[in-house]
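Below you'll find the structures, each written out as structure tokens.
Each of the next two complexes has chain A plus one other chain: chain B in the first, chain C in the second.
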Partner chain A sequence: MTPLALAPDTTYLAFEFSSRITTPVISGAINGAVYGLLGLGLVLLYKSNRIFNFAQGEFASVAAFTTYAGTAGFGLPKMPYVFAAILGVSAAVVVALLTERLVVQPLFNQPKVTLVVATAGTALLLIALEGFVFGAEGVGLDPVIAGDALTSGGLRVTNQGVFVVVVLAVLAALTALFFSRTKTGTAILAVSMEPTATSLVGIPVKRISALTWGLAGLLGGVAGILFAGNGGLLGPGALTAFALIPAFTAAVFGGITSLPGAFLGGVLIGIIQTLGARNIPESVVPDANQVVIFFVLLLTLLIRPAGLLGKET
Partner chain B sequence: MSLLEVQELRTGYGALPVLQGISFSVEEGETCVIFGLNGAGKTTTVNCLAGVLPTWGGEVRFDGKKVSGKDAPGIVKAGIALSPEGRRVWAGLTVLKNLELGAWVRKDAKGIQASIEQVFSYFPRLEERKDQLAGTLSGGEQQMLAIGRAIMCKPRLLMIDEASLGLSPKLAQTVFQVVSQINDDGTTVIIVEQNVGVLPYADQALIMEKGTLTFDGRGAELEASGELRKTYLGESEQPA
Partner chain C sequence: MTLTASRPVSPPADDAHSSGGREFGPIRWLPRVLVIALLAFWVLVVIPRSETYAPFAADAVIFAIVGLSLNIIVGYTGQLSLGHQGFFGAGAFAAAYAITVQSLPFWSTFVVAAGVGALFAALLGVAALRITGLYLALITLVFGVTLQRSLFEVPEFTNGGAGQPAERPEWLFADGRFYLFCLAFLIGVVYIDYRLTQTKSGRALLALKENERVAEAFGVNVTSFKLLAFVLSGAIAGIAGALYAYRIGNVTGDDFNFTLALTFVLMVVVGGLGNRLGVILGATLFAVLDGYLLEEVGFLHSFTEQIFRTPNLAQYDAQFLGALGLLLTIVLNPGGIAQQIQPFTRWLSGKPFSLHGDSESGPAAVEGSHVRA
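What follows is the complex of A and B.
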């Protein structure tokens, strides 16, 4: 064959590569950063309380809705985005602290499964509240930073996308440092291992537990605002529906107790999910973006239950 | 005035009373050993003194000040530390982190460093393994770490629950010798034991039975009295 005859094929391939590989990898990494952030909160609570917190997605939704309420005004003067976002994250922290105080503490000595079911109940309650206040149709939250950072040859990277990845990287690094370098971080781990012995050296176990949930609320809140700002409608339970299972998969994939693992796991899951959705025809596997996640979760549990970076501390 | 004064102390679990109102005191600088059969209430006693269990009635005074009613952190700050039954070291943290975290209530970085050195001088094994995860230590090494961690609180009164449980007789003797050295260095000690090998180190001895004290006297008296044989072997008034 002559090179000339090949030319149209190459353009076709180039076009395909961008829409099937490059673009999904980039947009997947951005979604995945949010999964990772939500996953960090899950890992944090798993490390300290040995439970999977089903309400983590709704800590995130609460933050997104509150931010929306702040920017939309609701009869009050509209707030600048930054203040609304701070209010949103604070709301998530407050909800997380209330969950700790009203749900986790009273049930702490019950079997863990009771506690896990109770967090699922908390999620349902929050979803109902969101629907009551904001309606079932959903609202649209603006991105933190509008505009595009890069557009070229079919590729488009939004400012929001870059921001999401940077925020995740910074928060993941800070959380990892917090656990390995600070006394308070070590105390959280100690409480998770031996609560009674921990109180015996003078560590206020209840305050540490509240702090852990507050931190999880903070991480979840940031994740929620970033996720909702990526576009699409924010309905009641949105984050539980679209982000909680991928975040959980990210946490398991990363080794459930590993913070960097959740980070890496989130980004990888996001990429795998988008790649799957773009390349598996709907006629072969409907809803491939959901199915792919379960597939990864199952494979991880079967092949390497300890996860990517799974080991204690 | 005694360092520790316990008066009519009562506590239990849920609605179940265990301590029926026990009274004793411990002198500063001494070693007090608490003997008793399984289920006699020894652990209940030290846990209550450490603030892990609530006080139902009676009063505990430490250095003249009332400490009953304080929670565990409050008791540690008052100067009483407990190395709990079953060791309870933080398995996923290194030996060094276990010791550092033990000093939570202290702010003096230099003093904390000195205490770590001191623990290493009592238990050189721990220094050799200072970067190892506590969960991978042998049972005996974990016991040393549990005692070391309690020392890191810099207590005036150190309580050790079941120091020798699961240790070989030789290692148990080593632990007793270190405890006696800690005592010589100025810390008052209460040690819960089933192993009579601890007797030579006991200034004071208590025997518990079903939530009450059946003997409170000098260690030497106890040896002569035959009370221990009576308690542990169910024999009465026979020459030892």
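What follows is the complex of A and C.
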């Protein structure tokens, strides 16, 4: 009698646990990997220029839209995905370099807040241009690798998801090595600390700045293509609206000066956000994942502004 | 006393200089009075009578109030707030909720809206006072978006998602009269703002912008003055939100997205940070850009459609022009509209017309504070 009554209860509990905890943790980690990728670019520009780049989400969008245009043809012969993706990332790099030349350089000696407003303006400008060319409805981009790596119960892990996590880990490690092991990486850090003295010892400050922004464009471009390939429609400004805030939170949470921190922060923010969204009913707090992010950011800034892995604020 | 040193131009000395040299006769003041009278006639008589212009003019006035409110934080204390649409929206929802659900009297809804705006600003202010500079910009950005996506979607406030109605009383139904009603609020806010810059508190705020540590050393209580700026700014934004609720008649959460917050920052920067008239003109420009130019004239819309052959929304035209205006302003003309119209405003105030201005001209001479953007 008793075992019979107990059996359905435990399966119910097991189901509850997997749908409330296990599934959100895994799918959140995968979502978070894209935040981490976008966050890497933010950390890079913070380390080198001491600014928050609000246009990072749109560098990513430009790459995704260009990749879509390449694969869809637009009157020209359709390109293979790989070429389209390379074209997309190059477009993001070009846009980042143009931003550096036309917006960042003229404002080099202005207060940082001015520069940040200017990057937000750049984001708005790029969103409008995307709207002009691709319309407001949005486009759908194919995943880099189609198919599922794992499906069980309510859990579905796509190949793309696994790929994103791997790419994030590799890029975070490579950029961290770049800063600690190469002369160019050290030169970027030197420029951020003391621009005048750096130029006096013969380091080309302007070229270093262009290089940093190009790198940020590259990281953003990769993030954009992987985000858009996750499914769903990519509209103008989609990345700024849905990925930039979590990416900033990830970068600050992990430590705004730490590249591995962006990786860790991205994955953790993804998990926290998805856990919040699954466990807080919409009727109690609408759009709980956004509220969760606000409190994570606020608490990080109040309790440990340096973040998990950062050394300074 | 030493704090006044942060103001580059000392007005009394300036007046003495200009009236001392020349005679102040009718030839000097008549054209100026005529121009001012013509402008006043246009603003107070022509616009309210026009069915077409009045609604957009009301938008422009409401945006101008928000611009002045944001200017207190950005222009005077030098902090960047990217979440102002949160206070604005909170005021709008509070007024709509008060008049429709609670059936409070019309006038009291403005008190409620101001209170709610101030409350949210105080909450954010208390939490964020230890956070400065870029981090403050970030946390205000996330705060505004969080309010929009979460609080402004609570079914109780949004009438189950359909939007909270906010009906004007009968005597305000006419758009022209509503525009004049908003204008009265703008004049009140301009007066408060003017008084603020003239008082000890106003000078303390400007001192904070110049250098927080120096200000503190002179006995300025940094924390409480920052909080004061936040709360005052939030209350004014809340009132503007209430006016906006009555202007559109039905408030939904989507009205207060991140783009609106950016538009607010853009109009203040393009207008000229720290300059009252510049901010009002910048706000007017953006309100007209968003509404009248693109919806009614539509020439730009069809132009971009022809070039790109994509069905697009007019919003991108406004966004494109706004963003371009911002970047050009920041990079080429940091004083904004305020600096551009300075020869004209100088002439109106009784000085000879000159495109070059005087030795103190340029961004630093713009009244109110240094322009730093």
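Heads up, the rule we're going with is that the second predicted complex is superposed on the first by the 310 of 313 C-alpha atoms of A that agree within 3 Å, B and C clash if a C-alpha of one lies under 4 Å from a C-alpha of the other, contacts with A are read in each partner's own complex, and residues count from 1 in each chain.
In the analysis below, a contact is a pair of C-beta atoms (placed from the backbone, for glycine too) under 8 Å apart; a residue touches a chain by one contact, two chains touch by 3 or more.
Given the structure is predicted, the values throughout are model-derived calculations rather than measurements.
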item: Partner chain in contact with A:200 - chain B first, chain C second, else both or neither; value: first
item: Per-residue touch tally on chain A - higher for chain B or for chain C; value: C
item: Partner chain(s) touched by A:216 [first = chain B, second = chain C, both, neither]; value: neither
item: Partner chain in contact with A:106 - chain B first, chain C second, else both or neither; value: second
item: First, second, both or neither for A:190, with chain B first and chain C second; value: first
item: Chain B versus chain C as contact partner of A:269, first or second or both or neither; value: neither
item: Contact residues of chain A, present in both the chain B and the chain C interface; value: none
item: In the complex with chain B, residue positions of chain A that touch it; value: 183, 186-187, 189-190, 193-194, 196-204, 312-313
item: Residue numbers on chain B that touch chain A, as the complex places them; value: 50-52, 71-73, 76-77, 81-82, 84, 88-93, 97, 100-105, 133, 149-150, 152-153
item: Residues of chain C defined as touching chain A within the complex; value: 78, 80, 82, 127-128, 130-131, 133-135, 137-139, 141-143, 145-146, 149-151, 153-155, 258-259, 262, 265-266, 269, 304, 307-308, 310-313, 315-317, 319-320, 322-324, 326-327, 330-331, 334, 372-373
item: Chain C-facing residues of chain A, complex; value: 51-52, 102-103, 106-107, 110-114, 116-118, 120-122, 124-125, 127-129, 131-136, 236-237, 240-241, 245, 248-249, 252, 283, 285-288, 290-291, 293-294, 297-298, 301-302, 305
